[in-house]
Structure formats: structure tokens, C-alpha cells
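These notes open a run of structures that come right after.
Presented sequentially are two complexes of chain A, the first with chain B as partner and the second with chain C.
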Partner chain A sequence: MTTAAVRDGRRGGTPPARPRAGARRARRREGLVGWAFLAPNLVLMIGFLFVPIVVAVQLSLQETRGFGDPEWVGLENYRTMVEDPDFWRSLANTVLFTAVTVPIELAAGLGLAVLLNSALPARGLLRTLLVLPMVVSGVASAMIAVILFYESNGLVNKVLEAVGLSRVAWQSEGAPAMLSVILVAIWLRLGFNMVIYLAGLQSIEPELYEAARIDGASKWQQLRLITVPLLGPSTFFLLIMNVIASFQVFDVIFVMTGGGPSGATSVLVTYAYRNGFQIREQGYGAALGIVILLITLVFTFVQWRTSRTRDLAG
Partner chain B sequence: MATTARSTLTLGMAVITALTLTGCAGFGGGGGSGDADDDTLTFTTWASESEQAAFEDLVAQFEQESGATVELNVVPYEQMFTNIDAQLGSGDAPDIFRVDYGNLGVYSSQEQLLDLSSYFSDEEVDAFTPAMWEAVSFDGVPYGVPHQTDVSALLVNLDMLAAAGIDTSTLPTTQDDAWTWDEFAEVATQLRASMPAEQYPFVVNWQQGGVLRWLSWLFQAGGSLMDEDGTPQIDSPEGAAALDFTRSFYDQQWVPPASTPTGTVYADSLFSEQTTAMAFVGSFLVPDLDYFNEFEWTALPMPRDERGATDLGGNALVATADAADPDLAAEFLRFMASEDAMSSFCGATNELPTLTALEGDAVEFAIRPDLMPVFVDQATTIEPQDVAQLTSPAIAEIGVAMSTELEAAFVQGQSTEDTLANLDAAISEATGS
Partner chain C sequence: MTAPAHQLPAQAATVAAPQRPRRRSRGTESRRGIVWRTIVAVVVTAIVVFPLYWMLVVAFSPRGEIFEPGLRLWPSTFTLENFEKIFDRYPVLGWFGNSLVIGVFVMVLTTALNLLAGYAFARLRFRGRTGIFLLTLSTMMIPVQAIMVAQFRLVVDIGVYGTYWGVILPGAAAAFGIFLARQFFLSIPDELVEAARLDGAGHLRIFLQIVLPLSRPLIAVLLLLTFLGSWNDFAWPLIALKENDLFTLPVGLLYLKGQTTPDYNAIMAMALVSVLPMVLLFLFFQRYFVQGFARSGIR
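Let's look at the complex of A and B:
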């Protein structure tokens, strides 16, 4: 059949033109309604997410202080990064911070959720206490942590001394400093993990546990073979959220240690801030920001492709 | 019916979108200096409580005398330059802002500030301490007025010194009888021997942005960071002497280990809580310390080696290149740097003047006036070549490298040779020499 024949067929065909046009109009209208629904979010995402990312990419290809005339340097900032030992150290610190905080947050969040899902006295109060750090500003919490871990006369060292232990160099030695920020970060995020797991737990049918008990499953077997697998979507969601939060940790470290001592707690975002706003190498700071974005995207993509329970998430 | 509902929905969504867009526009802020009428100046600064009160008084006085309006915007110090950078980048900067002498070089070298050459006569320029006028100039062009200065001196806790067996009646009070490095080391040794492990003889105020205060020790040793062309000169016997002496502060446990250049524990806090018996602190902190300290304390000159030296603290007031009314902005700067205004500001805030007419005891300080002669005397140790180095446009970048290298030398075992060589390279890179 030729094109002309098709055209002729249409011209002489029986189906009326009006209903077809009406269907098209309806589809178009439906499409418009869909876009209208999307519009507010799209506008916000374009304005506050996509445009800044494009500007950051552009900035990362320049040498600029943020004012004055920028100089186009191509990939020079990225080349500098590859040879910058402080960048690699910050990346290693970020990976270490993530590798330690995420499993503890997940495990402790699950443990607390299971505990507070059972019939416990003052359950509501305990839940509230655990979630409280989540609703307090990160900077305010970190300020409290500074007072606790203050090396010369902080509360933690005073308690250690009172029980006969030696003082810990929380602010002048790398390992204790890293430990202090990890402890505070875990304390801040534990409540969030617990709440998500608690919601997940309440969607598991009690009959499953009842059947398992009848079959002679122990408490541990119930946790391992029923609770943990059925909380897969929650774990997937929390894993992604915790890893992103750990890769983007800033407020706690910035306030508590400023990345010190001697860069021992410098992570990618504090290092990017230092370059972008303290040293005024905004191009290099933006390049670091783009690298953080890429690492986070790659991790999320890999998790998305490999997680068996992803379709249930969200 | 369904069509009507959809149309209504579409319209509703369009309205929401429009509102969202309006909201977005709202986030952008506005009200830049370009909108201001001719008789209005915008002035952004950070300020302590006493500084804010002094600024408010002077602004009111200027408004009364000139008939102009000055919108004073006091912001936290931590946000000051991030905001100013962003405002300069978006063409929305205030007409006037306060800036330290190190940051001034960054802005003036990028042509962001108003050239004040035509607004100040030679006679008016000569009224300022030459070193301070130098501090606001770049390539010989003035870009601001030196509003006040501030230097560090050595504050001592008299009770703790007496407890260590040091005769507090023989402490130095002037540059002529200031301790030498050796005498200072002897005092520190004596204090260390008599103190428990969690207390320390002294602390130096070189944390974070204060890292350039290490240069006081370099200058005392007779050394310099770079010459007038930006060629590094730190890799020298004087540089090695300064580095070795300051490294010994940590090796000998004379200073708290957390008080390194990248540390977040500040000298005035450690002194105030009596973790240290002595502290190198600027005079601008005297009002705060007077309020917090619960012990007898006084100020001594900084120790000297080949010469006396101290850091160049203090701030200038500058007008931006795009100021709506440059003449009015310059008039305000001239007023703020006038003898009467400077005298009342410095007196209220324990800061030091930059006009030669106010040198010596011309300013009446409001708090602990007994300590201020030591700071005034200490300020005379600043030499023009120190100022030229401390206000170089490259100094901010050099400071970052200094922070890393000094930290490595003080607590990570990096050798003197490597540290000086690394600093040398960092200066070359920053100055392009």
C-alpha cells in the first residue's frame, strides 16, 4: 500500500474525523493535566536542583573567586584533584565514616525498632527520646557535642577521670576525633532509622510469627528469617539514605572538629566548603561537589540494580 | 462535565505554578544598592556588642550631620565574607562594608572596591600611620580607610604565675624590658614543672583564620615571608629559628595539644577557663575577658628575639566599586576615620586607632584602661615591610598552606627543612613569582 493510497483511504474511509480529533484533544488535555500536576515540583527541581547542578559543572571548569573575572581552565580542577593528597585523604575519611556509621545505624535502628515494637513500659516516651535528636538542628546538636567532647574540661573526659580512666585527646588526636564525630552522627540518625523500621515492622502480619512459633522457630530465627527479609524495602531505603547522608556529612564535623586535627576528620563536603568558601577557590570547590554527586549517583545506581527488593521500596 | 472539571484542574494547576514561580522570585531577595535613592547608604559589618553600639552611635551622628540615611546591617562574622563574595558576584553588594586587612587585598586586587585617591588629600593621608595607610592600598591606590587596628600581647594569670614561684612584681611592662625568647622559655619551663598535666604554661592565638599570627615569631627572629616582588624568603636561618622555637611549644608541652593552627579551641577560652596560665590575645578581646575571668590578670609585651613584632589585626572600611553614590560613600568613610569618631569608637571597644594624632594615651579606653598602654606600645613594633607582606593579595592563599604545613611541623613530625621548602613552594604558587 502506498502512502497516497493511505491518504486516499482516509479521505474516503468511513470512520468519522470528529471523534478522532476529539480523542486527540482529550489525550492532549490529559497530558496537560499531567504536566500541570508535575509543574510545581518540576519548577522547584529545575530552579533549585538542575540549574544549580549545571552552574556547578560550569563553575568547576573555571578558576574563580566567585567575583571578578573567571578564567576558563577546562578540566584543570579535576586534574588538580587527582594529584591532591588532601582530596584522597578526605575521600578515604568519607568512605571510613560511611563504612562505620551506616551498618551501625541500620543494625541499632532495627534493634531499637524491634525492642520498641514490643510491649515495653513507657514505649511512647522512649520512642520520642530516640527521635528527638532528629528534630533538633544538626548544628545545635554538634554544639552540644563540642561541650561534651571538649578536651580540657568536657563532660566525657570528666566522667572518664571520675571512674579512674585516663582522659582521651578528642580534639588533638586523629582517631579519637574521628570516633567522636562518628558517635555523634550515629546518635543523630538513630531515631530516623528506628522510625522507618518501626513503620516496616507494623506492616508485617502477626500471623507469620504465629505460624513460625507453631513450627518451633526461636526468637532469633523469627528475626533472621521473617523480620529481616520482610523489612527489605525499609533496609534498601535506609541504606540509600544513610549512605547519601554519610557522604554528605557536613554540619557535625564542621562544628565539632572543622576537619581537624591535621585533616583527620576532613571529609569531602568539609573539604569542598574549605576550598569553595574559605580559600575562595570556587572552581575547585565546585569540582569537588560534582565528584560527590557522581559518587552518590553511582552508589545509588548500583544499589538500585542489585537490590532484589527495590521494587517494593517506597 | 468531565471536561469542565479537567479545565478547572488545569487552571488550578496553572495558578499553583504561577504562585510557585512567584515564590521562587521571592527567594531571590532584592533591594540592592542600585535601588537606593541618592541619600541612602547600605553598610554591612559584623560587630561585637560594644562595636555594634559604637557603630550605631556614629551612624546616627553621620545621619544627623549629613541628612543622609545609613542602613546598618550587622551580620555574624562567620557569614560576613561568604555573603559579601556572593553579593559582589551578583552585583548586589552593600555600598560600604567592613573588612580585615588580609581580605581587603583580595577584593582590591580584583577591582571590587572604590578607588579613594580623589577623595583624600595628601594632608588627610598623612594623618594616618603610614603602615596602616599602606595596609589599605594596592599598587599605591587606596581602597579604604584604616578604621582601627589591633595587636596581640601576652596576657598572664597572676595567680597561676605566683603559684609557680614567679615574682609577678618584676614582670615586663614595656618593649624595652620585654622578655627575650630565652627568658620566655625559662618562664614556660618553670610553669610546666609546677603545673598538673591538664594545665599548660601558655597558648598562642594562631587557630584557624589566626594562622598568620605565626608570622609574629618569624618577624621577631628577623625573618620575612617574601620580598616586595612576592619572592619567597621564608626558607632561611631566621625561618628555621622561628619554626624550631614554635615547634618546641608542642614538644615541651608548653601549649595545649588541641591548640594547633587547624584546631578549633581558641586561646582566649583556654586562658579564661584557666587551662593555661598565659595567652597571646588581641586587645579587642579584653572586654570579653574582663567579663569572664574570675582571677587577677594583666598584659605583658610579646617576647622579642632579633626585634619585637606582633600581628596586624584590625579592620578597614571600604566602599564597593559599584556604590550607588560614591561621593556620599567616601564622605561616610572620611567621617568614620575622623579623629573624633575614631577616638570614640576605639575607646568604647578597646581597639587601637590608626591616626597619628591619637597615638599614645590620646584615647580613653572604657574597659581595663590599665592594660591598654601595653597594646599601644606593642603596636609600635609593626614595621612597614610587615604590613606589605600581611596585606598582599596572595596572603589568604598562603595562610591556608601555612595552616597545613605548621600543623604538620608541630604535631606530625615534619622536618624543619621540608616545612620551609613546602612553604616556599606555596608562596611561589600563590604570588606567581
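Let's look at the complex of A and C:
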């Protein structure tokens, strides 16, 4: 990365001597070409991202009922939000979901990466199988989970019963329903965490472990004092990416529980969808969207800052 | 970074080509270590793969069998009736075709636009470049749920609601590939481009005839990831499509579940139809997928 940066900097410097007027013309030409290269992307981005953001802000200040004209209501939708227990519940569920999934994804990803980075038979095959869920759609995973966690006679409950435990009300009780969507989300993201950590592990010098071994460090000490600190940049990157992914989890929850039972798995994105498209309170749905947008931008900013440090560290 | 300049960074993340173990095992102690590690690794892998195995079991089981009492881990008889049923009763081939057409359009359009924009950000100097780049970066993570109501209205207003284009155009506005492309183009040696400049080649010609042929790994990653993203996309197609016949596979899956008495065997047959192409693509192009995942953080 550093070489690229240096080269970039060099190109930014003064070009070799050339007739000045020609150089200016060439530079202007380069500018035009640059904008022309960007134009198609900009058009789509403005049309389908920036215009909708502006419209969303506008909608969030309106109330639409039935087929009547929208009515300007100022910050009414946001005031409703502050007093809406379902909004706070969805926000709390989002935080809970994120707080549970992210550390597990990190820890399990690191564990698997360390395991799959050591000498093992059929290591390539095992890695491939562990990464496989990454290409499975959220909807398909959720469908499989619906069958596995089927309350009355799904496989999970049958197994629980067979080993002498009691059945779990995966659909009709809030906490088990939340647990089931958390498990599916972790399943979907485990491979990603492993891949990033594997890349990080392979950049650690083997000599470090050699030296630690000579000094008599145990495997656990090596993990704690060498591996984990040196994987810091990977961890930070994964932390942000996992938080964003968990914060935006939609497909799995929408298909498995629809936010139920009675709001127990409702998160911000499913709640926004519910208001925008199922209850059809578009103004309120748009206002919820703006809140999601703002939270996302904060995380993107943090991610951007970390990815710069990650590139420098890499 | 010891990698050759014009290859994707982070290729260390390749899972396809396992490295040789760093040192030979020393004595019985470390041999026992390998045995234990192998057992743990195999058990974890089995747990991770099990849901996919279960999809196969349910898809090939006679209707309702898995819900009968008693612990059964494989079908009593291997049947294709679930597949016959879904192809008979639902426009599954059509849904498959819709996913394919939308996926190919999104893939080609997004990749082409991302390559162009990435090149501009990496190798062309113009006023406003940094500003636009940061703006683009900031849009990368915005979920569709943040602006779906407004996007829906827009799509209705410009008359593409319920059509392929209503799904394709917002889908192609994705920016993650720009970042990937820019990183890659920054690593192409200056000398190649400068030599072409001295020969009098224009920017477009340099891009098409010199840079792109060097960028095959990048292009492969972009094509595969955008196709995967479009194929598995759910929330936006759910909003932008209205008629049955135009559903993509994930939306069709939800439609099957929405029936009054959902036939879970049929749903798993359908899930298999939708998952299998991506699994095959992944097995063939694993290296590119993993590089892309590792670099972009998008799956």
C-alpha cells in the first residue's frame, strides 16, 4: 500500500518540463476525461441515492394518509418516534442483537482462523466448507432455519428432547425467537470473519512464535501476547463491518419472525419497512429511514478512518 | 507487501491453496495436538455445513416426513416429487430467468461503471476528485431500508415500478467496487501508462488497451461479487416488483412460504434451486470470491 501511496504522490508532483500552454491544455483535457469517466456513476448515484435521500427528508416532514395529498407536519414524525414504544423496542433489539452477535463473530472467527491456519489434514477443504455460507442468501438461510427451529416438531427441538432437555418455544416466545435469528446471523457471517483473520494471521512473522517458544511461552500466552495484538487492525476492521451488518440485518429477521412474536425481534430496519410498506405510513417510515441513515453514516465515518490506518499498518 | 504490483492485495487470504505446514511435527506431543485440532475442526465444520445438508434432506424427502415424530436424519426414500411440484405449480423457471437477467445486467453495468470511476479516482487528476471520492465512500454502507420509501416513489414516478429496470438501476448505483477498482489501479506501474502516453495514446485508449487487460483479476472479482449480491438481494426486489411472474428467486421463496399451508419440502427444493448456482460459482472461482470479500468487506 505504501508504495502505491508514494507513487501517487510522485504523480501529483510537477511533471517534467513541457511547453506551458500545452501542459495546461493537457491538464484541462485530463480533467474533462476524469469527469467523463465518473459521469455514468454519478448520474446513477445522484438519481438513485442522493435524490431519494432528499425526498426521504422531505417525506419525513410530511404525513400521508390514504390517497389524500401529503400534509406538511414539520417534525411531528420525529416527535411521534420519541414517544413510540415500538421504536424504542426496535432500537433496543437492534443494540441487543448487535451486542450479542458481534463479539461472538469476532471470537469464533479468530478461533477458526487460528485453527485453520495450523497444520491440519484436508485444511483447504475445511476452509472451503466453512466459507460456504457466505454465498447463501439471507432468505434461503432463514428458510432452512425456519424448518430447523420449527416449534412443534422441528429437528432442533427433537434433538433437545432426545438428549433429555425440554422443547423450546422458538416461535411463540420472544427470547428464543431472538436467539434463533442471532444464531442464523452468526452462521452467515462466521466465514467472513475467518477469512479476514486468516489474511491477518498470514502476515505475522513465524519468527515471533519461534522466539516466544524459545523463551518458554505457552500456546495460550503466544495467542494472547502475539496473535491478538498483531491482529488489532483486522479486529478493528471486522468490528466495524460486523456492527454495520448486524445493525442492518433485514432478510433473516423478516423471513424468520417478521419482527415477532409481538415485536420481540423487531429491529430498526424491519420496523421501518413495516411502517413504510405494511402499515403504509410513509412519512413515519421515511423518518425512521433518516435515523437509520444517520447512524450508518457515523459508522461509515469510523470505518473510513480505520481503513486508512489499516492500509498504513498492512 | 511482497505481491507483484498488478495483483489484488490481500491475496494471502486465499483459502483455495493451502500453505504447507510451516514445520514438521515434533514427536508424539504435537501429533496428539494435530489429532485434537482435527477433531475440533471437523466437528465445527460439520455443524456449519449441517444446515445446508438439511436443506438437501428436506428437498429430497417425501412431503411432511421430516415433521413426523422420531429423529430422522436422512430421507426414507429419495424423491424428486418436490422439484416436480415447484416446477409444476410455480413459475420457477421464470423466476430463475428473472434472477439471471437482473443479475447479468447489474453485474455488467455496475462493473463497467465502477471500473471507469475507479480509474478516474486513481489515475486522472481533476478538481473535485477527492471530494467526490469521499462522498462516494460515504454512500457505500447506506442500507436500502434508509431510503426505500423515497426510492419506491421515485421508481413509480419514472415508470419502472414492477419492471426489471426498477430492480436493476438502483442496484447498479452500488459503490463498493469503485473503492476496490481504485486500489487496484493505483498499483499499476506508472511506466506502462507513461510509455503509452509518449506514444500519443489518449486516456480512453490507455484505459481500454493497457489498463483493462492487466486488470483481469479485478474484473473477475467485481463481476462475481456484483452478480452474487444481485442474485441474493431480497429487500429491494421485494419492494420494486409486484407481479408474480417477475419475481426473483428470493422473492419467490418468500411467496412460497406465504401460502396458506406452506409446503416446506417444496420450499427447500426451491431454496436448493436458488443456492446451488452460487455454490457452484463459488467452488469454481473461490480465490476471487475470497479476495473480494477480504478487500471490500462486502459479501
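Following the convention adopted for this analysis, the second predicted complex is superposed on the first by the 241 of 314 C-alpha atoms of A that agree within 3 Å, B and C clash if a C-alpha of one lies under 4 Å from a C-alpha of the other, contacts with A are read in each partner's own complex, and residues count from 1 in each chain.
Here is the rule we use: a residue touches a chain if its C-beta (ideal position, glycine included) is under 8 Å from a C-beta of that chain, and two chains touch if they have at least 3 such contacts.
None of these values were measured; they are calculated from a predicted model.
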| item | value |
| --- | --- |
| Partner chain(s) touched by A:R213 [first = chain B, second = chain C, both, neither] | neither |
| Which superposed partner A:S137 touches (first chain B, second chain C, both, neither) | second |
| Touching partner for A:I279 - first (chain B), second (chain C), both, neither | first |
| First (chain B), second (chain C), both or neither touched by A:S172 | first |
| Residues of chain A touched, compared between chain B and chain C (which is higher) | C |
| Chain B versus chain C as contact partner of A:F37, first or second or both or neither | both |
| Which superposed partner A:T257 touches (first chain B, second chain C, both, neither) | first |
| Which superposed partner A:R224 touches (first chain B, second chain C, both, neither) | neither |
| Partner chain in contact with A:E151 - chain B first, chain C second, else both or neither | first |
| Overlapping contact positions on chain A, where the chain C interface meets the chain B interface | 29-30, 32-33, 37, 40, 44, 47, 146, 150, 152-153, 277 |
| Of chain C, residues touching chain A in the complex | 1, 5, 9-10, 12-13, 15-19, 21-22, 25, 34, 37-38, 40-42, 44-45, 48-49, 51-52, 54-55, 58, 66-71, 112-114, 116-117, 119-121, 123-127, 129, 132, 134, 136-143, 145-154, 169-170, 172-173, 175, 178, 183, 186-187, 190, 202-204, 207, 228, 231-232, 234-235, 239, 250, 253-254, 257, 264, 267-268, 271, 274-275, 278-279, 281-283, 286, 289-290, 293-294, 297, 299 |
| Chain B-facing residues of chain A, complex | 29-30, 32-33, 36-37, 39-40, 43-44, 47, 65-68, 86, 146, 150-153, 167, 169, 171-173, 256-263, 277-280 |
| For the chain A and chain C complex, residues of the former touching the latter | 1-5, 7-8, 10-12, 27, 29-35, 37-38, 40-42, 44-45, 47-49, 51-56, 59, 112, 115-116, 118-121, 123-124, 126-141, 143-148, 150, 152-155, 158-159, 162, 187, 189-190, 192, 195-196, 198-199, 202-203, 206, 237, 241, 244, 248, 250-251, 254-255, 268-269, 272-273, 276-277, 282, 285-286, 289-290, 292-293, 296-297, 299-301, 303-304, 314 |
| Chain B residues within the chain A interface of the complex | 3, 6, 9-10, 12-14, 16-17, 20-21, 24, 82, 85-86, 88-89, 106, 110-112, 198, 208, 256-258, 260, 262-265, 270, 273, 275, 396-397, 400, 404, 407-408, 411-412 |
